[in-house]
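For reference, chains read A, B, C, D, E and F in written order, and residue numbers begin at 1 within each chain.
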Amino acid sequence: MTLLAERTTTDAAADLEAAEVAVVPTGSTEQHGPALPLGMDHMAAQAFARSAADREDTVVLPTIPVGVSVHHRQFDGTLYVSAETFEQYVEETIASLAEHGVRKAVVVNGHGGNSGALRRAARTLRDEETAFAPPWNWWDSVEDVAADLFDEDGGHADAMESSLLWHIRDDLVQPDELEAAEAGASESWGESVHGAALGFDTIDFSESGAVGRPTQADPEKGEALFEAGADQLDALLDWLAAQPLEDCWARAHK
Amino acid sequence: MTLLAERTTTDAAADLEAAEVAVVPTGSTEQHGPALPLGMDHMAAQAFARSAADREDTVVLPTIPVGVSVHHRQFDGTLYVSAETFEQYVEETIASLAEHGVRKAVVVNGHGGNSGALRRAARTLRDEETAFAPPWNWWDSVEDVAADLFDEDGGHADAMESSLLWHIRDDLVQPDELEAAEAGASESWGESVHGAALGFDTIDFSESGAVGRPTQADPEKGEALFEAGADQLDALLDWLAAQPLEDCWARAHK
Amino acid sequence: MTLLAERTTTDAAADLEAAEVAVVPTGSTEQHGPALPLGMDHMAAQAFARSAADREDTVVLPTIPVGVSVHHRQFDGTLYVSAETFEQYVEETIASLAEHGVRKAVVVNGHGGNSGALRRAARTLRDEETAFAPPWNWWDSVEDVAADLFDEDGGHADAMESSLLWHIRDDLVQPDELEAAEAGASESWGESVHGAALGFDTIDFSESGAVGRPTQADPEKGEALFEAGADQLDALLDWLAAQPLEDCWARAHK
Amino acid sequence: MTLLAERTTTDAAADLEAAEVAVVPTGSTEQHGPALPLGMDHMAAQAFARSAADREDTVVLPTIPVGVSVHHRQFDGTLYVSAETFEQYVEETIASLAEHGVRKAVVVNGHGGNSGALRRAARTLRDEETAFAPPWNWWDSVEDVAADLFDEDGGHADAMESSLLWHIRDDLVQPDELEAAEAGASESWGESVHGAALGFDTIDFSESGAVGRPTQADPEKGEALFEAGADQLDALLDWLAAQPLEDCWARAHK
Amino acid sequence: MTLLAERTTTDAAADLEAAEVAVVPTGSTEQHGPALPLGMDHMAAQAFARSAADREDTVVLPTIPVGVSVHHRQFDGTLYVSAETFEQYVEETIASLAEHGVRKAVVVNGHGGNSGALRRAARTLRDEETAFAPPWNWWDSVEDVAADLFDEDGGHADAMESSLLWHIRDDLVQPDELEAAEAGASESWGESVHGAALGFDTIDFSESGAVGRPTQADPEKGEALFEAGADQLDALLDWLAAQPLEDCWARAHK
Amino acid sequence: MTLLAERTTTDAAADLEAAEVAVVPTGSTEQHGPALPLGMDHMAAQAFARSAADREDTVVLPTIPVGVSVHHRQFDGTLYVSAETFEQYVEETIASLAEHGVRKAVVVNGHGGNSGALRRAARTLRDEETAFAPPWNWWDSVEDVAADLFDEDGGHADAMESSLLWHIRDDLVQPDELEAAEAGASESWGESVHGAALGFDTIDFSESGAVGRPTQADPEKGEALFEAGADQLDALLDWLAAQPLEDCWARAHK
């Protein structure tokens, strides 16, 4: 398995020469209810990212572990940085990689709260023709699989996330707590009042910190999700590796 | 109809004393395909906002006309500012109003691209206990009505928007162009490749600039949408006016 | 009358192709004493801007309604953003227009407090050769006319402003309050102590919020001012339309 | 003469205990035509500031030598920083002084281009109740004297500035060049086209870099200006020393 | 071993209640010559940080893997962010932790280039009384041990770093390349010309990217370094745990 | 002696044409214990800078008097700006000079706290190929001389600084206070606890504000230091004047 950080600069020169794409795992360290560890999101991102580490045309960057999680701050252990700081941290990391010639990347993201910042970072990098680095949220890639496996409209520390982590780090799931997680969970994300999206913080609508039905989780479902997601990522990397760089840039005025 | 900008400072003193809430219309000036005017989004926001101008407990602010529309920049006439500048402009405007004692507001928003910035502005104002000012996207409040009226998975210059504008400014809709709008439209927003959301700019996936099925539009449907939305906004203002300010602030650590 | 926001992108393509110049109205929403509405400054800017809307070589942008008015914040209804935010908002709006090929503009400004920010925005746009967009303060263009009409050394909510608004929006002037405005007015702007300009806030030197002699106002004088100003703006647009773009940029080192 | 930088911290403790006010000289290093040195503005500020150094209630800070002079950049030797950087540099310097208990100051300014930034710095310091530090432009304090001495509508490297420098640093004035300065000078500052203030850079309207009639300068006139200005500054410091600090802060909402 | 990211929020509540101090590992991903992996610095920081994970009064945060390494950018594989972004990322992470009650921390740092930013972050956190979080550079704590073990004036990818990594990740050291590393190394950091510190980038003075004498490395020396450093860190945590928080804040004016 | 600020723009045109390098003196105004003036660091920088003023290939800029001294703020008279503001002030000043064709400079620095900011400014100017402007700390250039003259491990207001100032401004040294300075001094800079650098503020470890052994100072030693430093600076300027500009820029990727 080839992880950039484990290579010397000399070996990396060859890796980067051969590489068409990079994978940049991003997540968060934030409450995931009583059954899942705080690192859920960066662990998931890292696991998916490393599934690509055997590709000869891909380099995998270190995992960025703290993200945009201010909305979980009332729950113990949540760490966060501002959206702007996170955006800069990711954008500058990718820009520095681009100096070595790898200018296409997938940001493998494990945390929904990071999405806006990642979109803005990707836009800037693209508009300046530094790099093409779209974010890939693992859960978006397995929507169909999840719909078959679970009956929930989740969003956080739900059956989907619980299953996934059970597969990749079963030592860190506390199955006995899934009941408590669900008992205190909200059915869906946030709180809508006559069309206004309230629910600024998770604590505004969820007692346990979870959203969804975590008791539906099991590790086999997690394996199915992981395999499906890893396949999708692999296909995405194939696709991106084949894209000419000049086709990645923003289009000219109509 | 009471619009703050039309009042003297002396009269405004009484208005603000009586007011429980403010309404802040925000939109954009950006391409909406060949059938709708560039000002669609700020016109819609203004129309909804003004529907609240007869409420005695509500003051209506001037309309902020340019928003976060960089993704439409390849189409003629699109104006835009950065997300950060827009966020600051709205946040500071609301903070200045709060100095006069009105510290609850609804940001009546007509443009989806503004949403992230408006959420961040609302969070900051809330976390600093300056004001409670959640955004209200008009289309979110009429989802059910729209589902009955239209068969589309739209998102931009679609039947929903076209109908609404037809109702509020029928002089500015070009019915003859709805066919062209639809012919060049994409079915849904953006472009997903193995779970990655590509489609950074509208031009990446839509020829006409529209997304959805604008030919389904008519002004009666627009009236239905407008009435439903205005009712929702009215109910939201009732609800917000009744909220004690101290219940609006962020909750303490668990 | 051709206002950009009322045009479709398709029609705007032709408008922008034909256009030599743009007009960008900026103002404020701030106290103007007991006789004039808070929106005085953006209403004036909008009225002058729209006087140019029949020119075939000119596009008129939407009005930016909130400006640099912190110095009026102690008076009810005043809204404001920081000078930096206002500068960015205007500068980025003009830069986005320039992408469509119109790179000369006049910022028709109704509020003195905006001037510094507008000068800085214009300098940046010019130095980067993005656009040439000098501000035009309507009162500066009619100094001679005003000197004939009024005996005042005004500056805010004075006879000059009151007259102008009386002409363009007579429903919003409260003639009965002009006496009170003048009774509480200062004679001239600010407060000088041994050469130091004190008077940071209007409230430091004016009781009513006005500066000058508003009782001299009448709508005929307002019409004279408006006609004179509109003529000046028209002449300025003629002049600017005829300037080659390359003559607009900053000169090289001596 | 007591200059803060020449005192030890121990002695400064006593000086600052006794002090009611501080004097902060600011200027620029920028072209002043062929007859005056680049340091004209900071030299003038320093000279006026030091005229106050014998006051027992006053501490004099070091001179800040580079200011907001971008508009002179086409002329050799001009140095400049951005308005924002200059504003921060002055504001933070004054805030650091305030930590030692001296919270009233006069910014003795020698350069018109600094004025906007100094006003904003003073506003921030006042609004945050850190310090009250209005700028004092030496030329504003001697307007009447200058009107008697000179027949010019100057503004830069004119008879007024030339006379002053001749008095304070006669070794640095080149009398033989005053003719050339005037020959290439513009009559007044900038360039107005139908009410729009063009003339972004000095080079746009002045060949020699001067504005006004420098040949009217002589050192006796400079002495008269200096004495008058120093008297005004002395009176201002008397006035400011007597102001209770709580009267200096911004007033509450009306 | 207790790592915060591996704990649920519920368990973390107890951990944080019991904790006196936190450990925040920071490093970089940058060239370390032909014999050491790019991740050297964050791997070292992580190893030292985890040596504290068995302390009951200590929580260990996830490792921040990319730092201030612009000066290595000409060597393949180097990643970097700006000093300002890194400072913000670390500072905000620690501030978010402080919300859970742990307000003393040690930043266990593996990269010299991070030091300035970490000092500034620590100052801000201390001056605002958010947290007391001094950086601890592992090599500073073992200076005496290193002086006994090595005859070098190193600084980067030297015998000291090579030995340490050999001990903690022997699979990632390439002993055969230590000769090449040393052959292309400079003797000491940077380049001094008459007292001016030149050598902005490593490539300015080192061919291989190393500075020092890496051939002196061996894993036993690494073990000695690691044990000594871990002991120092343990003692530091003892000391910090015993410090009353109020003694950690900045002292008042003299 | 040729100081840029004392030259007219016309004369400066010739100076700048002839110049190969510039000298930019930077220092601070901050406590230096009971025996030395607050301006110690900018006075030293100015003295060294002016030693170069007779070189025909060198222009000397005005002295920047306030620097990064927050760590001395508890001692009376200390002035400071943030590291970021100082960095910008210096960087922009040098960039403005570069517009006149002089793109190599030495920042003659008198204050250790400025070093980080000066390094970052120099890096930015170099990476953007605006100017090559390395900082030169006078004490670094005379390390050997100082080692012969003094038996101290100083760092602030020590024998080295005291001697230097005694030589260049003997009217501002208070020899009687050197005992008190030393009695309250710390032996060396800061405070190390198990390898962590504590001692954020000078007051944390020094009673008098001094660090070192100031009683060893005398003016002859100061003369020796000054001569040695001035020689080093002269040699540095010779070296820099001879460097082709293209050799100064950052090197390309390996």
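Quick notes on this structure:
Quick note on the criterion: a contact is a pair of C-beta atoms (placed from the backbone, for glycine too) under 8 Å apart; a residue touches a chain by one contact, two chains touch by 3 or more.
Not measured: the values here are computed from a predicted model.
In a homomeric contact, the two copies may use the same or different surfaces; for chain A and chain B, over half of the interface residue numbers are shared, pointing to the same surface.
A comparison of the D-F and E-F interfaces places the larger number of contacting C-beta pairs at D-F. Each chain gets a centre from the mean of its Cα atoms; for chain D and chain E, those two points are 48 Å apart. Look at where the CA atoms of chain B average out and do the same for chain F: the two points lie 56 Å apart. Separating the centre of chain C from that of chain D, both taken as means of CA atoms, is a distance of 30 Å. Contact of a single residue of chain E with at least two other chains is seen at positions 70, 73, 75-76, 99-100, 253. Residues of chain C that touch chain B in their complex: 4-10, 12-13, 15-16, 29, 31-39, 42-43, 61-66, 69-70, 73, 75-82, 85-86, 88-89, 92-93, 96-97, 99-100, 172, 174, 177, 209.
Every residue of chain F that touches chain E in the complex is listed here, in rising order: 70, 73-76, 83-84, 106, 116, 119-120, 122-123, 126, 134-138, 140-142, 192-198, 200-201, 203-204, 229, 232-233, 235-236, 239, 250-254.
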